[in-house]
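Following this line, the structures themselves.
Each of the next two complexes has chain A plus one more chain, namely chain B in the first and chain C in the second.
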Partner chain A sequence: MAQSKAVPNRGYGRWTPFWFLAPAVSALLLVGIYPTIFALVTSFRQYNITRPRDGYPFIGFSNYASVLTDGTFWTSLGTTAQFYLTVLPVQIVLGLSIALLLHKPGLGLLKSLARVTLVVPLATTYAVVGLIGRLIFNRDFGVANQFLDTIGIGGFDWLGSTSGAFAAIAIMDIWQWTPFCALFFLAGLSMVPGEIEEAARLETSSKLAMLRYVQLPYLLPSLTALLILRSADVLKLFDMVFVMTRGGPGSATDLISIYIQRVGFRVFDLGMASAQAILLLILTIVISRLYIRVLYRENY
Partner chain B sequence: MSFLKLENIKKKFGDATVIKGVSLSAEKGEFVVFVGPSGCGKSTLLRMIAGLEDVSEGRLDIDGRDVTYEEPAKREVSMVFQSYALYPHMTVFENMAFGLRMAKIPEAEIKQRVGEAARILQIDVLLDRKPRALSGGQRQRVAIGRSIVRHPKIFLFDEPLSNLDAELRAQMRVEIARLHRNLGATMVYVTHDQIEAMTLADRIVVLRAGLVEQIGSPTELYDRPANIFVAGFIGSPKMNFVSATVLGIEGGAIRIGHPSFVGGSLSASPRIGGPLPKAGDKIIVGLRPEHLTLRSDRPVLTLTLDLMENLGGSTQVYARSGADSVTLLTPGRPAMQPGDSFGAGIDPDHIYLFNEDGAAL
Partner chain C sequence: MRLSSGTFLHALGLTAVVVFSLFPFFWMVSASFKSQTDILASPPVWFFMPTLDNYRAIFAESQVVGAVVNSLIVATATTLLSVLLGTPAAYALARFEFRGKSDLWFWFISNRMLSPIVLALPIYLLALQLRLLDTHLVLILVYLTFNLPIVVWICTDQFKSIPPDIEQAARLDGADQFTIFRKIYLPLGAPGIAVSAIFSFIFSWNELLYALVLTRRAVQTAPVAATNFMSGYELPWGKIMATGTIIVLPVTIFALIVSRHMVRGLTMGATK
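For the complex of A and B:
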């Protein structure tokens, strides 16, 4: 009797929650946690799969030392940072503008249509975005050059020139991710209570003041999440760029993940590639914490 | 000249017309209360004065200026919302100062104005707090303070007290009345609470289904309601209505027959005037619960007791007279049992009469 009092009858057994959670947890272990730990372990090994006879001995931090003294790694990281700083401001400004337009009352049907359309770039696979990009920026028959022709500038070799290739991958990334920003901001804008917006409308007729003082505070959580997601995403952006430019011409679009892929699967030095990947993971975490500390405010 | 003037204001949402042509005007310094059941359009009307809702038809003047299509911020009105609508990320001071900062008022004057308003509302110690650290009553004071500092031409209140508990509501009601007296400002106040309407208003506008039923001072509405709707809406508990038949006209008075009347009939004079009913017409007799007296020397009504509610100092008595139910409010605690028959008296001057269509006689 005493025992039945201590353990309330919850209608399910002790292990039931475990079995419900097990599929999700094992999937997560398989695709997320195990590879990460594998990479972490590999990063401390000499691990070149073309030379299996050398074995995979632990070599301490020497992979990390090579990475940190590798000029190409830093150049790639620099290119990635440049890419990030190019696309993100554009995505935020464009996304916010679209969100503000969609947030305005009226035109219900057209706006729900626009919202659905926004999902299309998000649902497109990176590799397909890359393929589309190759078609758009083709020197001979791409629409980008056709458009330039109409305004009198012709024959620009987008993917063959360093600045052109960088611009092309940036434009494709902006195309793919601006809608994501727009949807994020739209969600943030809809968090602003109607009466608070109305109270502000009685005090100022400036849309800019409204955005800055009333709506922006509600957008900060969205903005933080967005910055974190985009930093992580740009650091691992691979497929689209690989399909469009393979990092070239030269090293113009050699983003960090392209470089890591080259080290891992061209040179087959997986130990070094793992060390690079782990460093990127640490970088992502540091950037995320920074954004959270600077921008994020508790919800009101 | 009237300070606030609405001329045949209409509001349509698609095919539905929610405000069907409202005209009214208010003098400077007047306290006008819009009252009515939910869905009557009182809040929509207020929001149209604020500019938060477009006017579909008609004209709106504030202080002699046509503001029908003016932006809200340029109408020089301020509004206190039901949910207070304070900016959650700003301190109390910043909340109150926001409108002034937007209007580019010098910082020194802002400090002085906010300080003054905070003193009036006794929130000077809260100026550095964020709204979430305030109680409901304090938030409402801040919201009112935010209105005061802007020195608006008109203060608008949209059911400002309905989120407060009963005690605080009574207290804030008194404070709003005091504020109105001290500032001498024009105020338009929306409520569904007829007690707030009665106690605060210089003039009450009773609305129903997008139309004005009656405009008048609280006393006017109580003493001379234009129709059954107003009579039933103003006064608490609600006025009793007994359907009866006109027996005849005797001098200025109407002789009315109903089986519950002692002697089968009673005589009452119309309050409003207008055409008198003919013998045989249906007539509705209105009796306010607080005017009916138990154990009267000259009982008018014979009633059967249904239920009694003891309110402590007084008792609310629910009784029946034939098909109609009648409520009485009586001091003390009468010793009666359900099913008991008793007589109730009323001063003939306190009898209200309405014709079949509900218009007051």
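For the complex of A and C:
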């Protein structure tokens, strides 16, 4: 890990760390923990703000029971998993190829240029990625169909069809996050000691053997971290999909965050939406634990 | 030097990477200079007479300009606040030993992973009760949930790289802990603080879900304004793409400045 062992620091009072931490921690308590507790309480209530006359009575676990027996909830979790399993292999293969291209010696200037341009997709406002996606995948005047035309496949109603819409959001996600995987792998590759790589180059000319026996051991930690991080990101994914499809057509692109947002802010069943949010939170905590386990193995 | 086939393929691959990364961005910018007729042309046109009409139109309307100003206010304020609150915490994490340190770490990392929808629901209800909906303040505070962790994380790393001897020397001269933090760590850690501030600005500027849920007309941010164009029968594509360009351009420039730290910023510490 990057961090050096903390130097034993004597000569500060027992309460000194507290005073330095207090501002940040109290801010996070205010905007993070307090709302979470509020959501937890709300998840045990019947809470529909379009019907204030009903009041907000406590109804025990029935929101959770409704969520867990709600087919749509499971479908949207399934769609989210399917999305993860669709985009991730592509991002890993493309990302690793790009990283190897950038790691290969020679062509310094072009390499720097390619490396810098990788940052552009990552910085693009997620909502704007959705807007661009709607233009590119437009049925009548989109450039995606123009491209298909030139290779002899007829026009395709991307955003109007179930598989088309799913493919379109997957492609935009692959565009935005492949650079992340590439830069991540590149950092892993740069950990391979130069002498070892040189020695291996003299032994074998096979790129594949090089990757498998020399570079892969250094890439595995990156890969694990990447699998976990991307799963959290897909559970968070909202902006781009909301702008491009709003979860449709039908429920083709109804990812979990989109679904919860709809239950909360279109149907206004905040009790039910809170129960869903708490379940999502539990899932996130499990993922974070896993990430820490992988990342800070030596430290904790 | 003779151009070998290997070098040629390498160059071809790298060029493909550049084209892949820039194409959607290029397509947006090019559409922002097209007239509506050129945009609706089927098949799409690649060469056309550029026009500034779309930009003129959005600068003439107050909506987009107002939204950009709102985004600027919110992103700047939340960034300043994150640095103000986050740097002392980072100092404590870098230099002190105390109970619960690893729990605190875990908490910061979980916040990086958390879907905004989890907090958006209760914060909406709380803001409704406190009459804070559609104010800059509510967004500035809510964005701390993802900005504070990033500032704390990057700055902790930066502060750890400052040699502790300097601190010991200052302590022998009778400096108290807060003076050491202010006179030694803040100036020496400035590069890391700047990087974390830029990240915090980028994340706040790009955020949509909270802004969508917590604001109405008055404090509409730029991404919300852009998505609001997406209704009605014939969409004003040129104006939408011009707005998109105006939103993306400043953060892209910022991102290029911190491009070397991009992975660090997005992973909370998986790499150096």
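In this text, the second predicted complex is superposed on the first by the 245 of 300 C-alpha atoms of A that agree within 3 Å, B and C clash if a C-alpha of one lies under 4 Å from a C-alpha of the other, contacts with A are read in each partner's own complex, and residues count from 1 in each chain.
Following the convention adopted for this analysis, a residue touches a chain if its C-beta (ideal position, glycine included) is under 8 Å from a C-beta of that chain, and two chains touch if they have at least 3 such contacts.
Because the structure is a prediction, the values reported are computed rather than measured.
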Open item on the list: Just checking: does A:274 make contact with chain B only, chain C only, both, or neither of them? Give me first, second, both or neither.
Closed with: second
Open item on the list: After the superposition on A, what does A:193 contact: first (chain B), second (chain C), both or neither?
Closed with: first
- [ ] Check the residue A:214 against both partner chains and state whether it touches chain B (first), chain C (second), both, or neither.
- [x] first
- [ ] In the overlay, answer first, second, both or neither for which of chain B and chain C A:74 touches.
- [x] neither
Open item on the list: I'd like to know which partner A:201 touches here: chain B for first, chain C for second, both or neither.
Closed with: first
Open item on the list: In the superposed model, which partner reaches more residues of chain A, chain B or chain C?
Closed with: C
Open item on the list: Show me the chain A residues, by the header's touch rule, that chain B contacts in one structure and chain C contacts in the other.
Closed with: 300
Open item on the list: If we count contacts the way the header does, which residues on chain A are in touch with chain C in the complex?
Closed with: 1-4, 6-9, 11-13, 16-21, 23-25, 27-28, 30-32, 34-36, 38-39, 42, 49, 97-98, 101-102, 104, 106-107, 110-111, 113-136, 140-143, 145-146, 149, 172, 175, 178-180, 183-184, 187-188, 221-222, 225-226, 229, 232, 235-236, 238-239, 242-243, 256-257, 260-261, 264-265, 270, 273-274, 277-278, 280-281, 284-285, 287-289, 291-292, 295-296, 299-300
Task: chain A partner contacts - residues on chain B that touch it in the complex - done: 50-52, 71-74, 77-79, 81-83, 85-90, 98-99, 102-103, 131-132, 146, 150
Open item on the list: Which residues of chain C touch chain A once you look at their complex with the stated criterion?
Closed with: 7, 10-11, 13-15, 17-18, 20-22, 24-25, 27-28, 31, 39-44, 81, 84-86, 88-89, 91-98, 102, 104-107, 109-126, 128, 141-142, 144-145, 148, 152, 157, 160, 164, 167, 171, 177, 181, 202, 205-209, 212-213, 222-224, 226-227, 230, 237, 240-241, 244, 247-248, 251-252, 254-256, 259, 262-263, 266-267, 269-272
Task: In the complex with chain B, residue positions of chain A that touch it - done: 193, 195-196, 198-206, 209, 213-214, 217, 297, 300
